[in-house]
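Each of the next two complexes has chain A plus one more chain, namely chain B in the first and chain C in the second.
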Partner chain A sequence: MDTTFIAYSALGIGLIGTLWRIGRWFRLPIGAECQPPTLTGLWSQTARAVGRAVFGPRVTRLAKALVWEVLLQGHVLRQDWRRGIMHLGLFYGFFFLVIFHALDEFTSARLWGDYAPTLNPWRLLRNLAAALILLGVAFAALRRRSDPLLRATRHMADQLALALLAIIVFSGILLESHQIVSPEMFRTMVAEYAFIEDDAEFEALQAYWQAEFGAATTAPPKTGADTLALGRDLHADFCAACHDGPQSALLSYPLSRLMKPLANALEKANFDTLLWHLHFLVSCLGLALLPFTKFFHLVATPLSLLVRAGGTAADADAGLRPVRRAMGLDACTHCGVCNQHCAVAVIYRAIPNPAILPSEKLGALMRWISGATGTQCVSLAEGSFICTACGRCTQWCPSGIDLQDLWRASQRELVQKGYPSAHGWIRSHRPAQWAARAATIPSASAKAAGAPATLDLSANPETFWSCVQCTTCTSVCPVVAVSDDPRRDLDLTPQQVMNMMRLQLRELALGARMVWDCATCYQCQEHCPQGVRVADILYELRNEAHQRLKPDYPLGAPDEIVSKA
Partner chain B sequence: MKRLRYLYFPGCKMGPFLPDYDRATRAVTAALGVELVDCELNCCGYPVRDQDLAASVLAAARNLALAAREGLDLMTPCQCCYGQLRHADYWLRQREDLACYVNGVLKAEGLVWSAAVGIYHLLQVLAVEIGLEAIRPAIRQPLAGLDVAAHYGCHALRPGHVMQFDNPLAPTLFENLVAVTGASAVDWPLRLECCGYPLRGKNDRLARRLMQRKTEDARQAGAQVLATACTYCQMQFGAADDNPDAEPLDRSDLPAILYIQLLGRAMGLPATELGLGDGPLNPLV
Partner chain C sequence: MSKHRDITCQLLVIGAGMAGMAASLFAARRGIDTVQVGLGGTIPFASGLLDLLGVYPVPAGQILTDPWEGMARLRRVSPAHPYTRIGNQDMQAAWRQCLGFLAEAGQPYVSQAERNMQVITPVGTVKTTYAVPHTMAAADDALVRRPPCLLVDFAGLKGFSARQIAATLGASWPDLRAVRLAVPRMQGELQPERLGRFLENGEHCRQIAATIHRRLDGARAVGLPAVVGVHRTRPNFEAMQQILGVPLFEIPTLLPSVPGLRLRETFEQHLPRLGVRAWYQHRVTAVEARRANEFRIGIGRDADGFRARTQAVILATGRFFGKGLHADRTAIRETLFDLPVDQPPQRDEWHHKDLLHPAGHAINRAGLAVDDCFRPVDVNGRRVYARLFAAGSILAHQDWVREKSGSGLAIGSAYAAVRACERLLG
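Let's look at the complex of A and B:
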């Protein structure tokens, strides 16, 4: 197929995909502030906000963010200079290769009249850029392996992106190495550009190239001072204008030394055509995939950083916050820095739900707004409600995403759409209904492997044998005290819960509102004349309900829940 | 006098929702010669205790292990964090299987839980470690004439044998600290009751009633201001709110202030350093 056609197709797919993905920010905004969202309204609000930012007093902050955060990536350097250098190398290495190598017809060749890719500094710069990218890719791959949390959250998408970069760069280097040694390439170039009169001159030029430029030959080369002198003259006449010594190719030249013994064999296998196609097609694939992979952060992250420079989400127009959140999802590079600073990341080791970790919660959120339902939402909800809102993920996010705002909005939506925290869903059934359910699910069945069971206070009859049902726990309970009718408001009193335990009717207490409305003030336990650990037992019952009870998701609206109960 | 140095544990909520507590704690402890060491710590585990005891103990233990690595005792101004850290420490001492599990997980990071790490609440550091007698000379502007309701906060106080904070049924530590500032601590029946915050967002009606019952009681006892020593209690009684989605609290006009701000004021520290800059309490104190 025509290569120009392929290149333009890839460009078309990339551009259309980019527009489609940007369009999603407006079609799938996150949060209740703009429901129902009108597309035109959002567009005009965005245009106004952008206008205010660019022509308003905050323009200096925008300019500073553009230079310091987008172009110099100073905030990443300051967080971790190794990761900063790695990313700068990747970014500028690739930037250089795309602009001055892939698009050289439109850039380098027009800007510099005597441009040739085989002249310096181009050859040197190209190899330098490739080296930077390969180092960056290697560092990124190692980084993902070295940290246990990053290892646990490694995705195919991360691997794919790195692999694609590595293949593009490595195939390019291999192609150049092959061209340095290729006898066929030499013959073609001579036929096209050199006015050679006879075989002797051809052999002289070839001998010179072999001696000076490391080219390979099909036949054993001629030697001798005269031949080389003639070769040098011919080179000066026909080749030098476009060819510097390939020794400046930091990567390709050493590689070409390795390939030299195989040069003829590789030529027979059409290695250069193969490599060229691989290099070209994978590059086109990268371009076409840009909007559909994490490479899209090239578009979304700079925007996110600039938006952050304009102020936090709280400062933004309420109507635009949902769009900003959707953009935030796309700005994530899945770098995992949030997880490394997350205050509840440690809990992931005991409750192995990836949605506890900010980066994975973001992914789950992305799937949720794209229409995922069922268990995915349940784990998203569990992860969301474990967040303590400490704000460290937002402080550290190198992409400038206001994660805190995203979590708050998604928590609110989860509740609205019927995925509340346990304190919300426990009210969807009466204690007796929960008891019936619990009877079908054995205790401690859902516990993570290796984790200890609970303290087993409630399962152990000794915990209660001294309880004399004196009702002290109930009379000191502040929750009972503010209720006019504890039976109506709380189902059971603390003393009645203890009685259920004594009778080994644990399941009957799991859904009791007394258990869930416990303020954890420990008055009951402190005052118990018999030393029963009343508050600890209520904690344990909530633990057990978390493990054993599962509501029918999604829950109905709050009124429906009440009527059902 | 021995040099007091602690690993500082502000807890998750303070930075984003009550930064004044952080500012005031740093200012006052620094003025009293206490050194606070910063380190990136994790959640104390309290928020997941409802869900999974082992997870909450693991989270607490990691903080204690980090303190052990630094060779420091730990000090927190938040009573819920204090309570959770103490609880975890207690159960880790009681149950070998729990300690074994926790250390098994922490090993991957080269950490190990240590029973040797001391756990202190800010009020204990002030009243016991520094000592009232050492604070007294630092009082420059006694708050004479101010009637303060000292709100103890449940999680630091009970269960008494786990917390080792003060006598859980008849504590005096907070009132003594109020007296040091020159203010007088009022005697109010509900001083040891719950602020209601733990039910915030879970049962807002109950959370509100628990709070109103207390503020009403404090006012009837003649208090002009209610003093807290916990991030959550202060969020409940004060103006800060970490949960705008919950029903509004409809607070009474009894102002709440962090004890550390009262002390800082009595020590003559500038209002801005205490986070009292343009707060409504400034003229009162």
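Let's look at the complex of A and C:
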């Protein structure tokens, strides 16, 4: 098949795919605050926002973000210089090769009249770029292995992107090193470009190339000062315009030394054709897959960084926030930095639900928006409501995604669609109703279900038998203090919860909002004159209720829940 | 393992009740390098009134007008009573220093040198005490003159009924009226502390005073629960009094009480200012007596422990509620040093058969027997450690609840112990 056709097809697929994905930003309804606006309305809003950013007073910030974050990636370097250098290597190596090597017909050849890929500095630069990429790929692969959290969240997509890059670059290097030693290549080039009069001249040129450039031959080479001098003259006449020493090829030349003994055998196996096709086809594949793999971050992430420079999501037009969120989903490079700084990532060790981790929650969110149901939604809800909204993921995200805003929006939607937090569903019934329900679910079954071991404070009378109901815990409780009417807002006060324990009415406390609204500040426990572990007991009751009373998702609409109660 | 480095000091006071606080105060005033450790949960379980001696002799239940006269009789009859080991001069000096400190810290107390004072209780009885918070001083006068008086309570405040007080006292108090006020934005059950924190806000106090003022109807005195602020009591109380234009007094509430809370927070805030290195909310985890003049005391919460090396210790750990003493099926023990506890030989002698017997129970008089320097002694009267002192309710041969002598015991014995300690430290 015609290679041009293949190349243009790949380009076409890549372009159409990119447009499709960008178009999706305007169609994904992620937490639409206002009613879904018309597409044209969204477009004009976007155009206005872009206009304001580019022609407004914030343009200096945009410029700064473009130079410092997109081009120099200084924010990544500042977070972790090793990761920064790795990514800079990948980034600049990749762009150099795409622009000045893959597209050299349109760039290098036009800009520099004497351009030839086999001349320096091009050969050197190409090899340098390849080395940067290979080192970057190796570092990235190692990084994913070294950190346990990154290892646990490794995806095929991460491997695929790295593998594609590695295959393209390595096949290129292999091809070049083969060409350095290939006798057939030499013959073809001589036949095409050199006016050689006889075999002696051919052999002289070949001898010169073998001596100077390390080329391989089919026959044993001639030697002698005269022959080499003749060869040098011929080289100067016919070859030097496009060729100088391949020794500058940092990677290919040493590799070609290894391949030299095999040169003839590889020749016979059509190795160069094979390699060339591999190099070309995988490059085209990469181009075609750009919108559908992690490579798409090349488009989305710079935009995301620029958008962040324009202000937080809260500053944006309400109508544009969903667009921004959808773009954020695409800008994620799955680098895992958010997970490393997430305040609740440690919970993942106890509850192996990946949706607790920001990077994985992002994926779960994507699947949810694409229509996932059932257990996937339940685990997304669980992960979402474990988040404490500390904001560190947003602060650290090297792609500039306003993750905090995404979580806020998705939490709201989860509640609306019947996947509320535990604090939400516990309000669907009164404590007495929960007690009735708990009576049908013995606590032993919860234990048998592999629940994490608890302290078992509430079951042990020694824990609370010294309680004298003095109300100190209630008096110091900030949750009680903030309520105008604790009986209405909390059902029971802390000291009343302790009394339920004493009266063996533990089930009545499971659904009490005091238990669920406890801020675990431990004031009660620290002030208790009798050393009752009040806060620990409340915490344990909450865990027990969570295990025993889990509802069937999805719950009805919020209005329904209220009316049921 | 340890967050804090080990420390050294001259004196370690164990306990953050009235006796511990007073001991730290006296030691700091004498320039002794003092560390104090204690959980500090029990002062709010006192009313905030400071007793010296209200009843003597106990079996007769005779209420004392002059505590000093009662004390003189007590000393003649009970040589083992802690009061017998504290001279009048020391006792007076102790009170002066203690009340001076409280006044300086913004929580002044009022006392009459030669006689006890009286306050109204939340059930309408009259209680005899020695020093009262300035907010209760007007009750003493009102009880004498019995002018037309309005008693206020708050909807939801448990265990406090102005109507009940009026009904009880009304027989001997011609114009005693009761009114119940709703506290804005506070529904349901109310604890004194919550109200106290609410009335920390001067604006809330002025609003309530204005409401009461509209209901005065000729009353010449106003009583209300003791909840007027915890820290800003004085300005808030004075503002209310100004709006009302008649004498205003607080009436003690159920426990934990706000006046108790004021006491605790005053001590906790101001003792460190005097140089006491305080570890409140910490407990003693281990004790070790080394040689004659060194104790090593482990201090900590759960895991973050450290050690204090001290030359002397004052034990003010209280009785059973304070956890200085522990009673099991066979005996009463001192919980930290396992000191000999003076107690009835048999458990069935701990209590009188009649629960409400006016003479009280033998267990109430159990505790640490001490020498004249307030150092615990064993059954043979030999001191256990040369530099270990005891103060407060943990002492034997007293029944502070029935004698109404809790604060006097704490303050007086702390003073005597600190003085002896200073002498021994040289």
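Miscellaneous remarks
The rule is short, and it goes like this: the second predicted complex is superposed on the first by the 436 of 565 C-alpha atoms of A that agree within 3 Å, B and C clash if a C-alpha of one lies under 4 Å from a C-alpha of the other, contacts with A are read in each partner's own complex, and residues count from 1 in each chain.
The criterion applied here is as follows: a residue touches a chain if its C-beta (ideal position, glycine included) is under 8 Å from a C-beta of that chain, and two chains touch if they have at least 3 such contacts.
On a predicted model such as this, the values are computed, not experimentally measured, just so you know.
In the superposed pair of complexes, A:W516 makes contact with chain B only, with no contact to chain C. When the two complexes are overlaid on their common chain A, residue A:P254 makes contact with neither chain B nor chain C. In the superposition on chain A, contact is made by A:V346 with chain B only, not with chain C.
Residue contacts after overlaying the shared chain place A:E526 against chain B and chain C alike. When the shared chain is aligned, chain B comes close enough to touch A:R412, but chain C does not.
In the superposed model, A:G51 lies in contact with neither chain B nor chain C. In the superposition on chain A, contact is made by A:V480 with chain C only, not with chain B. Of the two partner chains, neither chain B nor chain C is touched by A:G12. Of the two partner chains, neither chain B nor chain C is touched by A:P461.
In the superposed model, B is the one of chain B and chain C that contacts more residues of chain A. Shared interface residues of chain A, touching chain B in one complex and chain C in the other, are 481, 526-527.
By the touch criterion given at the top, residues 148, 341-347, 349-351, 386, 388-392, 404, 408, 411-412, 415, 421-423, 450-452, 454-455, 478-479, 481-482, 516-517, 519-523, 525-527, 533, 535, 539-540, 542-543, 546-547 of chain A touch chain B in their complex. On the side of chain A, the complex with chain C involves touching residues 470-472, 474-476, 480-481, 484-488, 493, 526-529. The residues of chain C lying in touch with chain A in their complex are 39, 41-42, 44-45, 185-189, 191-194, 197, 255-256, 281, 321. Looking at the complex, you find that chain B touches chain A at residues 12-13, 15-17, 40-43, 45, 47-56, 58-59, 62, 91, 95, 97-98, 100-101, 104-105, 108-109, 154-155, 157-160, 168-169, 192-194, 196, 198-199, 201-203, 206, 209-210, 213, 242, 245.
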